[in-house]
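Below, subunit A partners subunit B and then partners subunit C, in two separate complexes.
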Partner chain A sequence: MRPLVAPTAVSGAPPMQRLAFFEREGPFGYALVLPAILYLTAFIAYPFAMSIWLSMTDASAGASKWNYIGLDNYSKVESWELIANDFVIFDGDKAEAQRIADQHKDEGKVVTAPDGDRFKASLQIGSHTIPVVETNGEDDATYLATTILNDLDWQVHGGKVVAHAADSPISFGTFEKRGDANDARKKSVLVDSTTHLKANGTGVQQDPNFLLAVKNTLKYTFGTELVKLFFGIPCALLLYKKFRGRQLLRGLLVIPWVIPIAISGQAWLWILDSTYSVINWLLVHAGIISPANIFNFRGDANLAMFSLVVVNVWRGFPFTTIVILAGLTSIPDEIIERARLDGANALQRFWYVMAPMVRPILMVSLLFSVVFSFTDFNTIWIITRGGPYDQTQVLSTYAYQVGVNAGYLGKGAAISLFLFPIMVVTVFGMLQWLRRENM
Partner chain B sequence: MISGWRSIRVDVAAWAGLTPFLVFALFPFYWGLVTSFKADANLYDLSRNPLWIAKKDSSGQPYHKDIIVPASYREGKIEWKIKIGDRVTRSDADPNPPAIALIDGQEIVGPVAGRLAKINVPEGSTAHPNEVVGDIHVDNPTLSHYEFLSFTPFYRWMKVSLLTGLAVVLITLLVAVPGAYSLARLRYRGNRSIGIAIFLTYLIPPTILFIPFSQLVGGLHIDNTIWSLILSYPTFTIPFCTWLLMGFFRGVPKEIEERALLDGATRLQMLRKVVIPVVLPGILTAAIFAFTLSFQEYIYALTFISSTANRTLPVGISVEMVRGDVYFWGPLMASSILGSLPVVIVYGLSLNYFISGMTTGATK
Partner chain C sequence: MADVVLDKVVKKFGETEVVAGIDLTVRDREFCILVGPSGCGKTTTLRMIAGLEDVTAGDIRIAGETVTFKPPRDRDIAMVFQSYALYPHMTVRKNLAFALELRRVPKAEINKRISEVAEIIGLTPLLDRKPRQLSGGQRQRVAVGAALVRQSGVLLFDEPLSNLDAKLRVHMRVELKRLHQQIKSTMVYVTHDQVEAMTMGDRIVIMNAGKIIQVGSAMEVYERPATRFVAGFIGTPPMNFFEGEIRNGGIALGGDVQVALPRAVEAGRKVTLGVRPEHISLHAGKPHAAKVPSTVEVLEPLGNRTIVTARSPAGVLQIEAEANPGLKPGDAIELWFDMSRAHLFDQASECAL
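Let's turn to the complex of A and B:
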């Protein structure tokens, strides 16, 4: 190699003490990495801190002043409601239980009587008198007992008769303090029942859509990962062998991962169209479904979630394939050859030789895939926009809905910040596992 | 001979095994491609096989539309306003359809979707109110959905996306190459912690940052401009590319660096003239990824940019090609196919770099 500058120190060790400042390893190193640190501090650390601050204000789009409101965006309970679903009316003889359940509407009646300064309502069915509620007002007691008697679905489980509120639970009143609600639980509901306290309020934790978004995020993430492996492992094994056209097929398989989902998602929208869906066309023409019963993929909550999972698997399994393939290719040929000579068949070679060696990289692909699904916004936004009726909202799309569309910046920031702790736990958990595995 | 048969058997088995997965992976693209060439009349015809382009409708006629004289019109001579080959309108849902014929000075307006192939009316004949005077045939397959794109900001969005991508690649390389070299090769206090800190920025993805970031770009008065994207995209490309490049720098033999230093090169010269040429494949991989990641980005572009003209391609297509509940499937698929081309080209040219990047990014 031609010397770039005429050599100065021809013999002996380089004179360290005479090196210019930036010729020393430390200062040079810091200088080179400084732009990255500054950039990421200014545009990740600072907005992240701002996000935490925003989530503690009532900031909204267009408001000139933001007020500090503490943790109210996260959780603010304004009242507690005592509600109950199932009431055990009778527990005893099987035949008697069946008779009570069959006859309760014709035979049963509500009797309300004063009990001290309160009123106690009981159900009288045949020879049974079952006290059910006790309230301050006579009408309240009668009303609640009548509802239990007439409006609920009375079911028999063994010797038990259970009055079940299917759609909307029965409310025993709203209270300002949790203690009051708990007192009422002890005093008002006399019959054995499943009661719980529902918090009403303005914090995101009191928002039923938020809870749904958390559930959907978990469903969307963990519902897809195993399927991705289920698709990725056979693909990787098939691509591992040398065959003609291997490069081409590998290249084609990765295309879903390369094209922006906002663009390829348009084709999925068209595949999932309510009238012209090609899936429906194929099913109708194969005689599997009738034209009257075609699937409305994006109009039904369960089908919409299922569609999202399919699209996520479609987009993610090529990545899983490629990462596993890299793991397989890194296994030395001799090891597999030796196993073959030792008489291991293909399945045994896979299970006892290749699988254990690929496991760490499998976990890495899983880690990336989990993080990717967990923070995904694009797929959901493109395919369902959180619909129908917010039923497929995940944390990221709900944060967008609340923070940008509705303009409640503070609350939106609070929603998206919920992603952070779950991410930290997942990632550190998996990294810990990997570290143990590598030792 | 036997080994030849054996290798063919291996080929066939691999292709057969992979076919279902390939069909699943590629079907949406095939479906988009076929759709983008279909005239609307064919597109919305459930009686024909949707997987292919039908030449004729279910009655055996080419796809056509009757021209009906409105009831309020006077009787009169038909004159033509449009010529065969004219692009008429993009879809049956066009709110302002163009005039297609003239009867005694009164215009009959479309809509006929697609490019005209044939007009079946004796010229100069007399038209009566409420009567069918003839029909119009449209091309099928047709390029009209692709032609329509020049009437939308499609190419403008493409420009925004490409420019952003290139600027982001530049910024990313300027920051990530020296950063990665420093973290991978130089020893100083905090070196390891800085590397880990950069990796941990993965934990704060755009879906957490988009709300405060929108306030930040608003404060800098760059919201609604391409600068908001050029500034924000490196937040995810720099960490990714730094980690990617650290792997490549570690692979450079230490001796060539020492040799250059002994030869009297400054550290910067050594980096520029000795080390960087060696890791050029790595830098290319990083550039490809920075470009692809920024081309794919969605939530920042959706949040920061609100004017139609400055949108990126993915946002433009998904937001502006839909009016309310009406999806213009033909133009939508045409724009999706054309819009995928930049990444497909980059990907096709650099398949091996790309796939090695996917795995080093995940494993290093």
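Let's turn to the complex of A and C:
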């Protein structure tokens, strides 16, 4: 065989002949990676670049022309809304506070009077006159003060009377400039309260459903990962032990992982059905709940999220278990035996010896399944479609909803790209940790 | 006092009997070597002493106390594994400290013991490294160190040197022997290397097929092997064996070779004659020397001597000759067996006669 790398010429020796084309490593190497490069370009790099471009246009389905709009899809504030809640009406004597809270509905009334070029509304309750709101318009002031008086929940905390809006906080007006909104914040509310400025606009960051989707994605991902570890570790330890039927059990374990979710999802739909749910049936027949109180798994926002996590755990925890199991089996027997001789009991062997040795591989598996859950679309789409009322929408389903179903391609791209920086930071952090661990 | 007593210990894996009822007493502070061919049950025996393998039948006593059913951690035993079994995620220092921390030895005492041991086996500069940053020889020393800090009554070694290169092995042999003189532990050392067995221990226990064949000092097993197996196992080059029959006060070997015997054995008995290579000479002159004509086949000069492989009518044999015997392959020679040093074994029982 001819050497593939030409040796440096020794004086006197004839110069090395140039290698024939087919014997050089370079071209062959490129030929081998060419399909991969083509694939990556066509199916990853191009769509990725395309979606970055899309997210910066006003592209929508049916539009003949896309206009560049910068980062407006990500964030575009059109107005600022002053929101306030928890108005402190009275702070003083305890008994007096209680009396005010008890009687404000019957005794209280709103008095509005001009104050310079503005109007000030006060609440009159018994002997107290409490200025609460000041606005430019007389009706506005009266309306806001009346709302505080009649529609809010007046609670007593010690000597304080606090008017609290349970459902939606009170809007004190919408302003084009942030500065105006801040001004109003100082001038309009005359009692202690919690205020904040809400940005209204057309960017996804101003979309409350988007913010909910971000929250849901995090809940879904980290809820799932924690539960997976919680079940995966004991399960792996169980299968690590030698017993009859271990191989069979290992085989059965991976079933949830290998069944396509499109199929197992149908079973779950039935399990979680609002009328025919087998869980409800069991609970009712066991006498634990009454037929009137059956769970509406996919109809209640919290239950729906919980159900999604359950399905994802069911699907993903075999993988976690197998990876941990692989980590455990790769620990040489002699190390465990030495730990026994060293005096470690089962718990200490796990904690001081096995866990640290499994940790790197566990992190790799965690990395994979975090990415998997974070970008999961199928499970949510099949089980809840993001419902009820978008309450279980995650980033991927919401991007699809907005980008494809509603046809706002640019916005959809912006939603799905929001995942990207979060993902990069998470993955980078985990890899960094792994590298340090392996030093 | 930490003597180890095995009392009719049997170990079966399923139906196969791996250790077939062995009796052995390792005295306090003794350096005892278990040696035998691969698969003879040495490791299994050692693991039973450690408590890593349960005993099918029989009893194990350490320091007079029956430990047969005690877990490893209650046996006052430390072990050096063949693969060293260092905790890869711990530094050398932590590897040494681990067992002591589990036993709640005070911190100051742990540090003191670690620095003592590190000094003895030259680990001091390596204490803050992880095992993967060490060479094979250094890892081996860490494994020994981790066993030493325990200051346990009994130290077990399972072929601790077999992963080292030849030179390091010779060095560690001497170090371990020196170590044994410094510490108070009883040592049981498993090897299948007969040079290690001969040079290191106070006593050698020779095992074969799950049984103990012979126990004795190096010189005892060398000079008076109890069976043909021991005779062939101990000594390099190995002893030469010839099948024969007692006839006319001597032995009739194959190819009509007749050698005289210095002692009387009943006639007609089928025996195996064993002669060590160093007891066969190229020159006549010794009393009780028996002449065997042969042809030189191979010469292996070792510098200080030469191993000569020759073919005689009784069979192929090896002898140890001086450095320059002046021979070449094909030479016809006369070999003289020193019959006063020869061994006789019964062919049926393989026991020494």
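Quick note on the criterion: the second predicted complex is superposed on the first by the 417 of 439 C-alpha atoms of A that agree within 3 Å, B and C clash if a C-alpha of one lies under 4 Å from a C-alpha of the other, contacts with A are read in each partner's own complex, and residues count from 1 in each chain.
Note that contacts are C-beta pairs under 8 Å (C-beta built on N, C-alpha and C of every residue); 3 or more make two chains touch, one makes a residue touch a chain.
Please read all numbers here as calculations on a predicted model, not as lab measurements.
The superposition on subunit A brings subunit B alongside subunit C with room for both. Once chain A of one complex is fitted onto chain A of the other, the partner contacts of A:95 are absent, as it touches neither subunit B nor subunit C.
More subunit A residues lie in contact with B than with the other chain of the pair subunit B and subunit C.
In the superposed pair of complexes, A:249 makes contact with subunit B only, with no contact to subunit C.
In the overlay built on the shared chain, the residue A:292 is in contact with neither subunit B nor subunit C. In the superposed model, the angle subtended at the C-alpha centre of subunit A by the C-alpha centres of subunit B and subunit C comes to 70 degrees, rounded to the nearest 10. When both complexes are overlaid on chain A, the residue A:353 reaches subunit C alone and has no touch with subunit B. Once chain A of one complex is fitted onto chain A of the other, the partner contacts of A:335 are limited to subunit C, with no touch recorded for subunit B. When the two structures are aligned on the shared chain, A:343 is found in touch with subunit C, with no touch to subunit B.
The least CA distance from subunit B to subunit C in the superposed model is 8 Å.
No residue of subunit A touches both subunit B in one complex and subunit C in the other.
Taken together, the subunit A residues at the contact with subunit C in this complex read 332, 334-335, 337-345, 348, 352-353, 356-357, 439. Touching subunit A in their complex are the following residues of subunit B: 7, 10-11, 14-15, 17-18, 21-22, 24-29, 31-32, 35, 43-44, 46, 50-51, 174-176, 178-179, 181-183, 186-189, 191, 194, 198, 201-216, 231-232, 234-235, 238-239, 242, 259-269, 273-274, 292, 295-296, 298-299, 302-303, 313-315, 317-318, 321, 327, 329, 332-333, 335-336, 339-340, 343-344, 347-348, 351, 354-355, 358-359, 362-363.
By the touch criterion given at the top, residues 1, 3-9, 14, 20, 22-23, 25-26, 28-33, 35-37, 39-40, 43-44, 46-48, 50-51, 54, 231, 234-235, 238-239, 241-247, 249-271, 273, 276, 278, 281, 314, 317-319, 322-323, 325-326, 361, 364-365, 368, 371, 375-378, 381-382, 395-396, 399-400, 403-404, 409, 412-413, 416-417, 419-420, 423-424, 427 of subunit A touch subunit B in their complex. Interface residues of subunit C facing subunit A in the complex, by the touch rule stated above, are 50-52, 71-73, 77-79, 81-83, 85-89, 98-99, 102-103, 130, 150.
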